[in-house]
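Please go over the structures that come below.
Each of the next two complexes has chain A plus one more chain, namely chain B in the first and chain C in the second.
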Partner chain A sequence: MSTSIDTLESVGPSALKRLQSIVGNQQFILLLVLVALVIFFGERNSLFFTSSEFSNLLIDFSGLALIAVAETYVIISGGIDLSVGSTQAISGVGGGFAMQSLMNHHMSETGVLLIGAVICAGIGLVVGAVNAVLITKANLVPFVATLVTLSAGAGMALVFSRGAPIGQNPEAVAWSATGIGPFTWLVIIVISITTILGITLHVSKYGRNNFAIGSNSFAARAAGINVKRHIASVYMLSGILAGLTGMFFYIRSGAGSPQVGASSNLVAIAAVVIGGASLTGGVGRITGTLLGAGILTIVTDGLIFINVQPTWNQVVVAAFIALAAVLQSIRPGLRS
Partner chain B sequence: MSNELQPIIELRDISKSYGSVKALIDVSFKAYAGEVIGLVGDNGAGKSSLIKVISGVHAQDSGHLFVDGIERHWKSPHDSMEAGIETLYQDSGLAPDLTIGANIFLGRERRRRGLLGRLGFLDQRGMEREALTELEKVGISVPASKRTVSQLSGGQRQAVAIGRAVMWAKHVIILDEPTNHLGARQSQEVLKVIAAAREQGLCVLFISHTLPHVLEVSDRIIVLRLGRVVRDSPTAEYTVESLLGTITGLSEVTNN
Partner chain C sequence: MKRESLTSGALKRSRWIGAKAVIAASLAVSSIAIVGLGSASQAGASSKKFSIAFVVGAEADPFFQSMYVGAHAEAKKLGVTLIWQGDPVDYSPSTQIPVVQQVLAEKPSALVIAPTDTKALEPYVAQAIKKGIPVFNVDSGDANQKNITSWVTGNNVQGGTAAADALASALNYSTTCTSASPCTVAVGVSSITTSTDAARLKGFDAQLKAKYPNITALNPIVSQSQSSVAQQGFAQDISAHHLQGIFAIDGTDAEGAAAAITAAGSAGANIKVVGYDAYASNIASMQGGKIAAIISQQPTLEGKDIIKYAVQRLKQGNAKGIPHLLTLANIVLTPTTSQATLNKYVYTAS
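Right after this comes the complex of A and B.
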């Protein structure tokens, strides 16, 4: 059995080795790419450097950050969650109905939003629990299980809402613009949750178990880890975060739209892969994911800024995923 | 073995099937503290299945497992670990993407002291450091423990797995083909580790296809064939030839 180190070392040329040591720090490369993109778009259109655009970037980043973090946990554990997009839609719609009825009963705006957030998270938790049961009890592979809930969730969101946004709430939109400087309260909340979950992934026993299970689930089980319970919890966490993202978009747009998040599962997975996680599990970093999400946000917004047809967006995202895959394949010692 | 001694492990009529494959049929034996038991048999004889029942990876279909005289029903490998039984699995029990230290402490992580520890922060540095010293204690030297296991050679991986089992075992160590991937010198090291564990009063279940190793280190040898115990005798009663004959079934010396 030869590890990839052995094979690469036997090739030997020092140029390749040097490339490895630079690329080995993928986080650093990602940071360079991010800075380069900012400079590139700023050169083309100096408005890109304004604080209002910075604020916009933060908001768009926040709409992606929670599900990207969720997907990081799931992918490191060796799974995948395709349902994070449609869970946003079903929670936004479900939460929208609930908040509408609360508003009809003249509840205060703060009360409406707080209860709405709990309901959205709760709907997300239900979807996550369904995923957990399908994966750990019915033994479906995560791809199939979450494809089922993806379709079911998207369908239900459309049926219940009859295709229209639910729970018109202009006050929520007004609140969404408030905050500290370019950081709106929404952004601050998202960054806080992201930070806590990011630290948890890398310093806690829960996080350690997540890596161990993705790396070798037999070894994890043999070491006394309750693998099924952990996997179930990861999908429920992912569901909650997707539900909260549904609430995020409800507040931003002032209604729960069944169309929201249609392709965001793929964007979230892309952010994780660009960030250096392995789709076979066991490898990944939260900082990588956040840099990946930052890069994708800047590209998406920047292309609009320099008047490129939005249809090109997906092509550019694809190019970044391909680039990330190449970086991974020449990274030393990743796996044997 | 004297009868008033309590066996640390006793199996009574353990049977286990995977679908229609009968992997274990009415397996019974006793194992005592301070004893090395060699467990041998052809490929597919049921050795790994047997130890997975003892360690709680699989549950038996029928039969009883006693540890220190008390009947136990493991719900998971966690339960057997709690009871002081450590297992090195043939099909790698390590997580390749984790560091050596993280693997050594897998399932037994320690938290940091103080507030951070109470918030759930693991003592990663302390564990990495201790992993290295513990491995050295059992005579295994590995490169810096910050490396992931995937960056080790096959033999080094095996060494880490053995070190982990030895480090945590309180009563029983089960080693399923521990000399796999190892060179002659390292294999001898493993045999020394086994002998040292016996000196400490541990019970060792040693599985290997290398019969001279088994004859060298074990006090008693149990031969499995097609899921049944066909012989269970003190090592002195075997020669390489008779052992081979019993394993393959060509010589019909059995103890029933």
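Right after this comes the complex of A and C.
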């Protein structure tokens, strides 16, 4: 009898701790917010629960997720990449020229898109390499280095395109809507890439090094990590993902637009911050970033869906960012 | 000590490598900038006597690129120097005002401006006039502004009205949209505060109210001049409202609308899109069956006419014979419009 009472007493506080831990977990709170938003918009217009709308949300989410994941790697390493938006533009424009040329030579649509993806990723890699050189060789702080490539990329996209979208590829737009149920091929590709990058960040040695460098780069160097080489690789990875996002928007809109991604660097950073990453480095999770991107997508799309005056859109988005920041700040209190 | 010396050496080498990287990057950026400047300076190669400063907003927009073609050709024909300037992307007084100040410092003979905000630019217009520099408006402006010599513009309210008529026609209004089963249309704007967008929306809404009461327009989506943002918004409206039509109020919104109905597949197949601005991409979408009609402005003619009036004012020393306001008609382009007409109105940068 006394044994069973002892067991109950020991289980009680343990369960309470587990409950406190779950409630205090930022990602759990974000998940609750996301579910609440879905219920709210669905309550206002039941068409929000249709397969076509789910497909819309997924594809809008995917465009943001790819660069938000790139930004997560960079922010956890203790840096920041402001150039992801303009890299999308210059990649889309450069890829657009190349794909237009391939289409003029009657290459198959699949071949055009595959080569286009490689070219866009390659352009992104070049931008990432420039960032890497400026940060690791010229010793510029990441904010300044990526500000340089942000301006240069946006400017060059306008110079080369002369302000107009490059290429007309309606077949690519039609393909962007195909897939398995609401999961289009584009979404499936993005989910695959983010899954691989999530596992790499949280399981592999490369990911552990990333956290170590973001937490304390001196200690990481003392532990034998080649910090500069790792930092360079992170910015090149970010460039490749931004380049692929340029290809993503080329496929969605059927052309490479120099205006694409104009504000997406800030939205990506917002998703990472909402997801719980620290701008000082060393802290963050891919799942948190994806939840942050999901919340921003649902708020932006949902407000249009329920026909809210556009003047309110930015105010509501800002309110959610503030709410997430407050939740983040009270999280340690909940844990204790 | 040796270690310090080595560290210092390594540091110096690191700094030298860093300096080389910065120099190389700077040279690369400078080279690109010089190439760009070289081509831009061709605009001013025909300098003879008068110089006309021409300041636009969002200079890279195909609309202003097309305006440049007309202004440049007329300036060359009349033997005057054209100083063409404007922020490449931002359509904003905060970026336009410094450009205006800069060109005024060059003491041009006349100033042509497409004001991004008439009120915000007014002090700089007054400053120019005080210095004896006549000022002309093109595209945007204010009909009550008396101190400008002339204003050449498209009629944006009429453009919105024409868009409503074109959309009703494409929808086959009398049979499709009834009081029992009204039609719903989405509207996309770049900015709800831009005077041109607001005027078009005003004309569109007024015409719906007056002639097509069975068409309901949703609250506009705001694209911030990005076709991908417009596409995302139109996709939401298509899912939420069983749309019959879309009015895309400018070129980038029209691009977004065409992509949204293509991506929507069968759900977008019967949606009629009326767009604004004859971008080459929008003409191609219309010929591909994605856009029912395009309201085209005449930016090349606007650029040509305003230079003509500026030179007339400079040569004769007064505004005699120069209209204070010249409103150019908008042209409605449809899939049945001849290729020759499409070639005439398509916005082109060359």
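Going forward, the second predicted complex is superposed on the first by the 307 of 336 C-alpha atoms of A that agree within 3 Å, B and C clash if a C-alpha of one lies under 4 Å from a C-alpha of the other, contacts with A are read in each partner's own complex, and residues count from 1 in each chain.
The rule is simple: contacts are C-beta pairs under 8 Å (C-beta built on N, C-alpha and C of every residue); 3 or more make two chains touch, one makes a residue touch a chain.
Keep in mind that what you see is a predicted model, and the values were worked out from it rather than measured.
Participant: Looking at the overlay, what does A:S91 touch: chain B (first), chain C (second), both, or neither?
Facilitator: After superposing on A, A:S91 lies clear of both chain B and chain C.
Participant: Just to be sure I read the superposition right, which of the two partners does A:T289 touch: chain B = first, chain C = second, or both, or neither?
Facilitator: neither
Participant: Considering only the touch criterion stated at the top, classify A:P258 as touching first (chain B), second (chain C), both, or neither.
Facilitator: Only chain C is touched by A:P258; chain B is not.
Participant: A:T194 in the overlay: touching chain B, chain C, both, or neither? Say first, second, both or neither.
Facilitator: Touch partners of A:T194: none, neither chain B nor chain C.
Participant: Between chain B (first) and chain C (second), which does A:T72 come into contact with in this model arrangement: first, second, both, or neither?
Facilitator: In the superposed model, A:T72 contacts neither chain B nor chain C.
Participant: Which partner does A:T146 reach: the first (chain B), the second (chain C), both, or neither?
Facilitator: In the superposition, A:T146 touches no partner, neither chain B nor chain C.
Participant: Please tell me which partner, chain B or chain C, touches more residues of chain A.
Facilitator: Partner touching more chain A residues in the overlay: C.
Participant: Could you tell me if A:V308 is touching chain B, chain C, both of them or neither one (first, second, both, neither)?
Facilitator: It touches chain C, and chain B stays clear.
Participant: If you stack the two complexes on chain A, which partner ends up touching A:V133: first (chain B), second (chain C), both, or neither?
Facilitator: After superposing on A, A:V133 lies in contact with chain C but is clear of chain B.
Participant: If we overlay the two complexes on their shared chain A, which of chain B and chain C does A:A174 touch? Say first, second, both or neither.
Facilitator: second
Participant: Quick check on the output: what are the common chain A residues between the chain B footprint and the chain C footprint?
Facilitator: Correct list for chain A: none, the interfaces share no residue.
Participant: Name, in rising order, each residue of chain A that touches chain B in their complex.
Facilitator: Result: residues 1, 3, 5, 200, 203-206, 208, 211-212, 214-216, 218-226, 278, 281-283, 333-336 of chain A touch chain B.
Participant: If we count contacts the way the header does, which residues on chain A are in touch with chain C in the complex?
Facilitator: 45, 47-48, 50, 52-53, 56, 60, 63, 130, 133-134, 137-140, 148, 152, 154-156, 158-159, 161-165, 168, 170, 173-174, 176-177, 249, 252-255, 257-260, 262-263, 300-301, 304-311, 313
Participant: For chain B, which residues count as touching chain A in their complex?
Facilitator: 55, 57, 76-78, 81-82, 87, 89, 91-98, 102-103, 106-109, 111, 120-122, 124, 148, 150-154, 181
Participant: Quick check on the complex: what are the chain C residues that touch chain A?
Facilitator: 14-15, 17-19, 21-22, 25, 29, 32, 36, 59-62, 65, 88-89, 192, 218-222, 224-228, 231-233, 235-237, 239-241, 252, 255-256, 258-259, 262-265, 267, 279-281, 284-285, 288, 290, 349
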